[in-house]
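A, B and C label the chains in the order they appear, each numbered from 1.
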Amino acid sequence: MTKQKMFLRMITASLIRRRSRMLVALLAIAVGGTILSGLVTIYYDVPRQMGAQFRNYGANMIFVAADTETALTMDAAEEAASVIDSGDLLGMTPYRYETVRIHEQPIVVAGTDIESTKITSPYWHIDGSYPASSGEVILGSDVAELLGLGVGDSFNATYSTGDDSDSDEPNLGVDMKVSGILETGGSEENYLYMSMDDLNELAGEKDSLQVVELSISAMQEELRSYVEQISENSDAVAARLVKRVTQSESTVLTKLQALVFLVTAVVLVLTMICVATTMTAVVTERRREIGLRKALGASDKSIIGEFMGEGLLLGGIGGLVGSVLGFVFAQLVSVNVFSSSITFQPLLIPITMVVSVLVTGLACLLPVRSTMAIDPALVLKGE
Amino acid sequence: MFFRMIKGAFVRQWKKMLMIALTIALGASLATAMLNVMMDVGDKVNQELKTYGANITVVPKTASVVDDLYEVEDGTSASSGAYLREDELGNIKTIFWAFNIVDFAPFIDTTASLSDGNGVTVVGTWFNHHLDLPTGEALNTGVHSLRTWWDVTEGEWLDEQTFTSGTQGAMVGETLAKQENIHAGDTITLTTEHGSESFTVAGIFSSGDSADDQIYAPMDAVQTLSDTDGKLTSIEVSALTTPDNELAEKAAKDPGSLTISQYELWYCTAYVSSICYQIQEVITDSVASPVRQVADSEGAILEKTQLLMVLITILSLVGSALGITNLVTASVMERSNEIGLMKAIGAKNSSISALVLTEIILTGIVGAAIGYFAGFGFAQIIGQTVFGSSIEMKPFVIPIVAVLVIAVTLIGSVPAIRMLLRLRPAEVLHGR
Amino acid sequence: MSLLELRNISKIYGSLRALDNVSLKVDNGEWLAIMGPSGSGKSTLMNIIGCMDKPSLGEVILDGKDIAKESDKGLTAIRRDKIGLIFQQFHLVNYLTAVENVMVAQYYHSIPDEKEALEALDRVGLADRAKHLPSQLSGGEQQRVCIARALINHPELILADEPTGNLDEANENIVLDIFRQLHNEGSTLIVVTHDPEVGEVAQRMVTLEYGRIKSEVVNQNFGK
């Protein structure tokens, strides 16, 4: 049997046969490992998960025509948007505004992609329902009040370019129905929203948009770089950040991350101290054994090596257990708070084990070094 | 004799007891810090979310102003003639939830022409206006707090209280400024059918929305330009709110549908619908509604942040509980010789238990006290670093932590003591 | 030829002289008993001979070298290489088996050798208990494991401190038989004891009192 084998046999026997003691120390380390890996997972996931929550504020980027000469077409917009990661681009909603006549009043109508508005304007409050078929529209609450229309009411809308003298046919307009009334507390309440197809039927086709709203899952710096790229690449499209949304998101998310980080740091320090006290207790308990080994001729270096070996082995096992439990905890949090799963980071297991080993090693250092002071004579003779 | 033994233990074994007290202190400090942060984080994040601007708008009941989102129209925005009263502005700070009103600003819109004949939308408002309240308090509020995302690209924010120019100041949106070649420090003249006013441009701002095409100027001057002295087209309010639930939604539709106790509960909770209702009570002929984009999203984020903190706090509490139990059990087991000896000389189980438990509990109390103050410190460090403000210490955390420490200490010591007492003294003394 | 020589050894703690000017010679292969009541200084003397303590005054010559001048590291080395220790409280590592406990001594000395360790256990009659933990062994068996451990590195000097103090008569006899065997094989034995029965089976008995040698008796009946 080689010396190394005997070394391993001694430290594993210590851990396996002294079961209750070992479990107690292991528990402290596993708890630390759980907290570390759990909180680190949450720390890295907070921007993604909370970020998704912030998309409730709606579009964070808009496209407008680069200058008054060039038209903003859907194609130009889609091409400009191609620089954005398809996974990050959550929604893109075009808007075309025209003024139409309803009940003799001029009303501004927005032709858009109704489905898409559910993503870029998730805060819309619809009394009634979203349009289900062609000819159905959403009426802003202010417009509804002005026209005296409610959910389910029908009306006629006419569009004229003012060049009626050309046409021989009477302008009959299009009959439409109110599927829902929109309440937002903002300027949307002044508009009527219909599908782009419906607007094309009403006001003729025109491949020119006033604005495209985009909802992108990305942090402020990434968004800014997108804006730069798009401005460089496209002649027709100018991209702008909706500062109200992006600035605030950045501030709040950074603070949340900082909070999780600080809490993790505090918890980690406290856990380390806890492990240190546990190891001190372990060393104190084994005073006699240490004295015996010294009496048998063990050098201080040897003793320190043996106890550190035990500590590091404990740290490794505790780290492994902790990383698994930490993942379970983070998953629990993610599912209960954000209703989604966390992305599993396989790297976290070895990292937690390494940190656990390091922390345990550090925590053992002082108590193990104190074994140097143990006098075999005192310990073996006295009680 | 009992007290003599206890005193003896403390005096001679103080190092060991200090270590136990310290570990309990650690656990208690973690628990204290986490609990306080958890309870305050909702308010803190709520404050942070105010950067999104107003979550309530107040408009005249009969108003229907049609305006454009992203383009300037020439002279078509006309109000129907209904306005809010400027003299009632102070009333906002007299409602039940006055304390939750963080900022507010009045608005009056009009169109005017620049010197070159081009039409612009001019928004009259407060920037950093000093208001004396009917209650005797005073506050400073205005657009400066409600438009935190504005980047002032030239010059600086207009502050009515400190602006030194003889004429009034104004702030010009970036897009308009580029178009008309206006810079900070320039004097611009705005003309309407009611007259002309000159303004010194205090700053150029970039907002990323329709404001970039507009001019913002002090309330009084714009009222003069549009002949609407003492009148407002709208008020924006930024309030700290509690996330909506079923009750709030029911009340928002019709407060009259609630029972008396439901009504009281709703009125006395800072739901956005409740605050809107209370504002309508103090501003004549007004309609206050939540700005859905802000109010709804706030609620979701607040809820999730709080839930996140609760779960993290539970994890920390479990962790510190395990740590303390661990150590207390170990320290009791260490005294196996002492306990065996006491039993061997004939002490009763109950008196041995009493002695050991008393020592441990006293140590625990000392540890918990130290821990509470340390925890206070940790909480403040977290609060200052993350939010730049101090965490409010809720007094009922004290009993919670005290109960936790006592419970955990007992769980750690009682089974261990009982186990040792069951052993025969010989076993214990001879170390089997 | 003397293996061990103590010259004017004193151990002073403040005003207390645990050992006061003690001189002693031990020959190679000799079986010496050191006796005396408690407080006589025999434990202190044992610690000094066993290289676990250093005298305040005097010289300790082991195998020609003055170990009183050695550093702590040096003392450890000497303990490891030259001395086999047997204690009253049969200190065994409670989570290692009998054979593993013997191998621990080998580990610090040179290389652990399971075969050799088993042979040592066989010499003390415990070959069939090799895989048992100390908690599974009787008092006498535990002490015998200690003896096996003390012998494993073939030390020059075997030092036993009250080796039978915690044993019943039957086990005491077994241990003394082993000592006789060791003596016959040529080992040098120093046994510290307060029990006259244990002291009388040695070749020479030195009695300490108040830190000084009170008497020295050579056993005329030894070996008969």
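One rule holds in what follows: contacts are C-beta pairs under 8 Å (C-beta built on N, C-alpha and C of every residue); 3 or more make two chains touch, one makes a residue touch a chain.
For clarity, every value in this text was computed on a predicted model and none was experimentally measured.
Trainee: As a test of whether you follow the contact definition, which chain pair has the most C-beta contact pairs?
Mentor: Per chain pair, the contact count peaks at A-B.
Trainee: Report the most central chain, judged by the distance from each chain's C-alpha mean to the global C-alpha mean.
Mentor: Closest to the centre of all protein C-alpha atoms: chain A.
Trainee: Quick check: how many Å separate the C-alpha centres of subunit A and subunit C?
Mentor: Once rounded, the distance between the two centres reads 70 Å.
Trainee: Rounded to the nearest whole Å, what is the centre-to-centre distance of subunit B and subunit C, using the mean of the C-alpha atoms as each centre?
Mentor: Centre-to-centre distance between subunit B and subunit C: 74 Å.
Trainee: Hey, how far is the Cα centre of subunit A from the one of subunit B, in Å?
Mentor: Taking the mean C-alpha position of each chain, the two centres sit 22 Å apart.
Trainee: Taking the touch rule as given, give the residues of subunit A at its contact with subunit C in the complex, in rising order.
Mentor: Touching subunit C: residues 1-3, 5-7, 9-10, 13-14, 17-18, 288-289, 291-299, 302, 375-377, 380-381 of subunit A.
Trainee: Can you name the residues of subunit C that touch subunit A in the complex?
Mentor: For subunit C paired with subunit A, touching residues are 43, 47, 50, 52-53, 73, 76-77, 79-81, 85, 87, 89, 91-96, 100, 103-105, 107-109, 111-114, 133, 149, 161.
Trainee: Which bits of subunit B are touching subunit A when the two form their complex?
Mentor: Residues 19, 22-23, 26-27, 29-30, 33-34, 37, 41, 45, 48-49, 51-53, 56-57, 64-71, 148-151, 206-209, 289-297, 300-301, 304-305, 307-309, 311-312, 315-316, 318-320, 322-323, 326-327, 329-331, 334, 337, 378, 381-382, 385-387 of subunit B touch subunit A in their complex.
Trainee: Sort out for me which residues of subunit A touch subunit B in the complex.
Mentor: Subunit A residues touching subunit B: 24, 27-28, 31-32, 34-35, 38-39, 42, 46, 50, 53-54, 56-58, 64, 97, 108, 121, 123-125, 142, 145-146, 183-188, 190-191, 210-211, 240-248, 251-252, 255-256, 258-260, 262-263, 266-267, 270-271, 273-274, 277-278, 280-281, 284-285, 329, 332-333, 336-338, 383.
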